[in-house]
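Heads up, the next two complexes both have subunit A, just with different partners, subunit B and then subunit C.
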Partner chain A sequence: MARAAQPTVSRALRRRETVSGYLFMLPSLVFFLGFVVIPMVICIFTSLTDSMMNNTKPVNFVGLANFQKLFQDEKFLEALKNTFIIVVVSVPVTCAFSLWVSSAIYKMNNFFLSAFRCIFYLPVVTGSVAVTVVWKWMYNNYYGVFNYLLGPQGLGVIEKNINWLGDPRFALGCIILILLTTSVGQPIVLYVSALGNVDQSLVEAAKVDGATNFQVFWRVKWPQMMPTTLYILVITTINSFQCFALIQLLTSGGSGTNTVMYYIYYTAFKLTSTAGHFGYANAMGVILAIFIGALSALQFWLAKER
Partner chain B sequence: MKHTKKILALVLALSMVFTLCAFAQADGVEPAKEITLWTYPIGNWSNEEVVNSLVGDFEAETGIHVTVDYLTYTDGDDRVNTAITAGNAPDLLMEGPDRMVAGWGAQGHMVDLADMFDEKDLEEINPTVMDVVTSDDGSVYLYPLVMTAFCAGINVDAFKEAGADQYVDLENHTWTVDGFKAAVKALYDHFGSTAVAVYCAGQGGDQGTRALVTNFHGGTYTTPEHDGYTWDDPENIQAIEELAEMKGQGLEFDASLVGGDEIALFYQGVLKIALCWSIQQQLDPNLAGTGEGLTMNGEQIAFMNFPSQEGVDPVLNGGIWGFGIFDNGDEARIAAAKQFIQYMCDSEHTAEAVRQANYFGVRSAAADGTVDLSGIWDDNETMKEFNATVVPNMGDYYQISKGWNQARTAWWTMLQKVGEGEDIPTVVAQYCAEANEAAAAG
Partner chain C sequence: MNKISSTRSKVYQAACLIVIILLALLFLFPLYWIVIGAFKTKQDNYSLNPIWWPKEWTLENWEKLFSRRSAPLFDIIIPFSRLFTKNGKDIVLLSGPVVPGAIRWLINTVFMAVAAMVLTCITAALAGYALAKKRFVGRGIVFSLIVCAMALPKQVILIPLLKEMNVLGLIDNIWAVIFPTVGWPFGVFLMKQFSENIPGEILESAHIDGAGELKTFNTIVFPMVKPGVGALAIFTFINSWNDYFMQLVMLSSNFNYTLPLGIATMQGENSIDTGLLMAGAALAAFPIIIVFLIFQKYFTKGITMGAVKG
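Let's look at the complex of A and B:
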């Protein structure tokens, strides 16, 4: 009898453990469903309608009309182009710069290593509004520190002040520069950690076999850091695609700096007198999510191939 | 039969009582004891200390508690829109007709206040203002409190130093277009830096750039019916071309500034001419509390009409502000909000409410003519001078035109493109067409 009862007790225990597990998971699950899954579903559904903020009229299903309109909208296409420029420039530069800094500092003693990590991580933990206000002051056309340094009183490189944020030749580059400073902190910390975890016996074996420093890095260290690199690439790509606060606070999408994220915000919240603006903004959100998903998948695939 | 009659009588009596109760409730709704007020920065109505004092007096008199929230022009619209969507809009909002009449009012979110105006009120309130706040269907979504005309400002000390003061009439606060051009050149020649910025980073303060352009050659901005935009008329194109010719010679189309930034730079003495000026700024430049009509460095500031052609009166943009009530479906809160409006806009307390806004009252008297408001600024020479030389030039209040939100964006984007050197007639036509599309859709 005791033997026959054993599996029943075990099943009951297992069930209880499973229930406990789900109960522990429940708070996170509620948040995940409430703040990720359900909004995603609402976003996709709304993108197929002419929904409008503050609307008292019934919402109409318009199929893919919003998506068709998107690709004829010059402003959206310009925003998409700018977003891709930001991603294409900032992702490789962030990765390369972080790797370079990490390689230079990871062998330092603990004091200097911690100091550098703090310095590079500081912009990440500083509020984005505070960071932006300081940069705005540095870029200022009339009394900014950049114009002072480059102007006749400084290096004398420029004759007249440059309107950094008001001139489309410079504005997007200025935004990317700020984005870089706020993006490199985490990759540096991660790369320092990854470099510290590289198997030293493999490095020593390669050196004994006559490998150069470059070959040691490329053939031994780099493959071991690939998971870290993949994570950094994906995170940086997503962050770059979602560039919003800098645009809103510095240029309001002007001077050739409009991005998809800002245009979504603008369409959703500023164009309240335009019919269907909610549906249209959500359609942009869907397109942006597709691009982010596709690029991340590509990065995973490339990393796997290697 | 006897019982049946008794029951019938009782039912009839009860129904009468209930009906009377219902009417009594509908006619004299008991006002709520708590309401919310959101206010945009309109003079000292953005100053917590001042507002607390005004609201505190109202609370003491009526027992209605008012919770105040302060909005900025940067994110105020977003906050209100989100609140409307979420169903928790404030009871009261203090702003202008462009948002409350043409925006949220037309969308059906605001309470019609037409029943608050009797014949006496209509006699006392400026008829132009009343016309602006009244919708085509006769609804009134804004109870007006104050008004002004937006103007320009000059740094008088800098003008004198550069010898540019000869181009301005400081007595009448006027200058001609040629005088403006000559003054900018003189300032640039003397100081070697930008004297005036046609700011265009966003819509903030765009009334200044609009007035500069339309006054240059007498152009118009909208149709008289407010159903379309006319800023692509030849006069405005000529004006923009002439302004573009001044680039690099003391004038810049600056896409890194909005009106607030321009005011700050003018206050700091960096810019010598401000296009985003007002009597409120004149009384307290940059709202810094450092002295009436003075820059940060103590230089004298003079308010000015916008430059116009010789012999032509300038036409200035007006500003009107007041209170509106969001229809949250709660009659008791609406009644309390109306009581607040009555207290601030039509009672013996109106003079103080107006003065704290640093603008002019929209009515000559209040409280059924028992309170004279015509002389509330008699003790202030600056206000008297402004009222005599600038306010009379206030033109059509066209900010209630259809598609206004999108038209504003089209305007500053167009100025950016002009600043970037694009073909002016093409770019003006393109963005004016965009605004007209919005007007047609709206």
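Let's look at the complex of A and C:
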């Protein structure tokens, strides 16, 4: 008798939980579905059509034609290459740099710790536009501090002023440098907290057994920080893929700095011959999303294998 | 042996400290350059030898910044009225006194960031609690959808978003920037992490005492997740303030600009007037830096909590 009554009670409970759960979720779900999920679906759908910005022409379904065209588009392939260069350089450098800074500062007293953490976070807070405006000035061909410091009056490394952002040999590197200053902030905060949470008894035990500082770090602390490293890898990868403001404001995709994110914007809003080619731009967006998804999955898989 | 290695490690530590201090100065330099540039005279800014510390300080850049294009301080409009008027513009109920464009940008930006912050905090606190503590049907699906969306680049969906806003009649409207920020699921994820810590027994006893769902949330859940809400608030405020790409795509008329967008446009128009640009950059950056410094602790907590179990 009691056994038979059990399922009905729990079903009623479950129904009550479901109703109240969705009521609590409702305000958030409206925004999430309306402004994230639906646009994602639209993105995938329009990537298969020849949709334009103005809705005057009828939209035709073109299948995978946009994707085929993309991989024959030299500008897109160059943008893809540049995006990969940015990711391949900036992700490992960001991780290594922030790990090194955090391991140097995490034992400091509270005041210095938060001071350093703040300073390295400041470029993120300052915002990409303000950061870009001042760096553009610093890279300036005639009045910039870089040419002055490296030129004859400074270190004397270069003889002639270099047009940093106009020269295809340097432009991408200059942009990566700015990107690095704006992306180490969050990893440093995360690593400092991860290093503080390392199990001290294991560290002590290793030291008693005669392990050097180096060994303690790689054998004891590093494995414990693996989840943090993984998270940092994923967010830094996503950030580097999305590098847009720097490109748009510094070079407008010129001097060999075109990236996929900028090319999407350019195709959708700027390109005069096919102005407002949304279908094509969305196809790029889908490819970008696939790359990021695949990379994140790969990073998760590699971390699990270990 | 031990002595040698300990001196060596001390030397290494001192070297590290020096390098880090140098790096910190390098990170601070752009900010210093913005501030100094905003108060330098034109000649000083265009000197071939950089003026590291100006002899002559001037306010002319700021005067120029605040003399550009004037706009009404605020407009109160009838929502969606543009769908019914002939010229496609909203009906303005009330306009504020005319002020310089930069002030209007500042007001737009603050309004945008505050609205996004308040809406995100409310919706995320409710949803995070439900995801953590309610065992409802479809919870797993909703949660995995949220995690997947977080891993995707937000900017990829901007073009479809623009189309959607066009349909909703929200183009060139500050709400077109606010709504997608609220929809971004990071907040829900963060609040779920904080809500996990609420002991189930307390909720149960509240239920037995006859407290309704909303009352339980207001009196028990919300006070317990308050630190999380604080972290999310400051996080959303800063992110929304600096989300330049979204503002660029959604906003088109000068009055509706935000500070970052306004400064970026100024750079496009007259990239030669550095003093003016630096003043603009300072105006865009310093309010948010001050907010960050005040609420730094919450912020750090939010970043670390978002990563746990991420």
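The rule is simple: the second predicted complex is superposed on the first by the 286 of 306 C-alpha atoms of A that agree within 3 Å, B and C clash if a C-alpha of one lies under 4 Å from a C-alpha of the other, contacts with A are read in each partner's own complex, and residues count from 1 in each chain.
One rule holds in what follows: a contact is a pair of C-beta atoms (placed from the backbone, for glycine too) under 8 Å apart; a residue touches a chain by one contact, two chains touch by 3 or more.
The shown structure was predicted, so the numbers you read here are calculated from the model rather than taken from an experiment.
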**Asked** Given the touch rule stated above, what does A:Phe32 touch, subunit B (first), subunit C (second), both, or neither?
**Response** second
**Request:** Name the contact category of A:Gln186: first (subunit B only), second (subunit C only), both, or neither.
**Result:** second
**Asked** Is A:Lys270 in contact with subunit B, with subunit C, with both, or with neither (first, second, both, neither)?
**Response** first
**Prompt:** Who does A:Leu172 touch here: subunit B (first), subunit C (second), both, or neither?
**Reply:** neither
**Message:** For A:Tyr142 in the superposed arrangement: first (subunit B), second (subunit C), both or neither?
**Reply:** both
**Prompt:** Just subunit B (first), just subunit C (second), both, or neither: which does A:Gly254 touch?
**Reply:** first
**Prompt:** Of the partners subunit B and subunit C, which touch A:Leu195 in the superposed model: first, second, both, neither?
**Reply:** neither
**Asked** Which partner, once the models are overlaid, touches more of subunit A's residues, subunit C or subunit B?
**Response** C
**Request:** Residue by residue on subunit A, keep only those touching subunit B in one complex and subunit C in the other, then list them.
**Result:** 142-143, 269
**Prompt:** How about subunit A: which of its residues touch subunit C in the complex?
**Reply:** 14, 17-25, 27-29, 31-40, 42-43, 46, 101, 104-105, 114, 116-123, 125-138, 142-143, 145, 148, 153, 181, 186, 189-190, 193, 213, 227-228, 231, 234, 238, 241-242, 244-245, 248-249, 261, 264-265, 268-269, 278, 281-282, 285-286, 288-289, 292-293, 296
**Request:** Would you pull the subunit B residues touching subunit A in the complex into a rising list?
**Result:** 77-78, 81-82, 84-85, 103-104, 107-109, 193-194, 200-202, 252, 254-258, 265, 270-271, 402-406, 409, 412-413, 416, 419-420, 438, 441-442
**Asked** For subunit C, which residues count as touching subunit A in their complex?
**Response** 9, 13, 16-17, 20, 23-24, 27-28, 30-31, 33-34, 37, 45-50, 119, 122-124, 126-127, 129-131, 134-139, 142, 145-146, 149, 151-157, 159-161, 163-164, 179-180, 182-185, 188, 213, 217, 238, 241-242, 244-245, 248-249, 260-261, 263-264, 267, 271, 274, 277-278, 280-282, 284-285, 288-289, 292-293, 296, 300, 303-304, 307, 309-310
**Item:** Interfacial residue positions of subunit A with respect to subunit B in the complex
**Value:** 53-54, 56, 139-143, 163-168, 171, 251-252, 254-255, 269-275
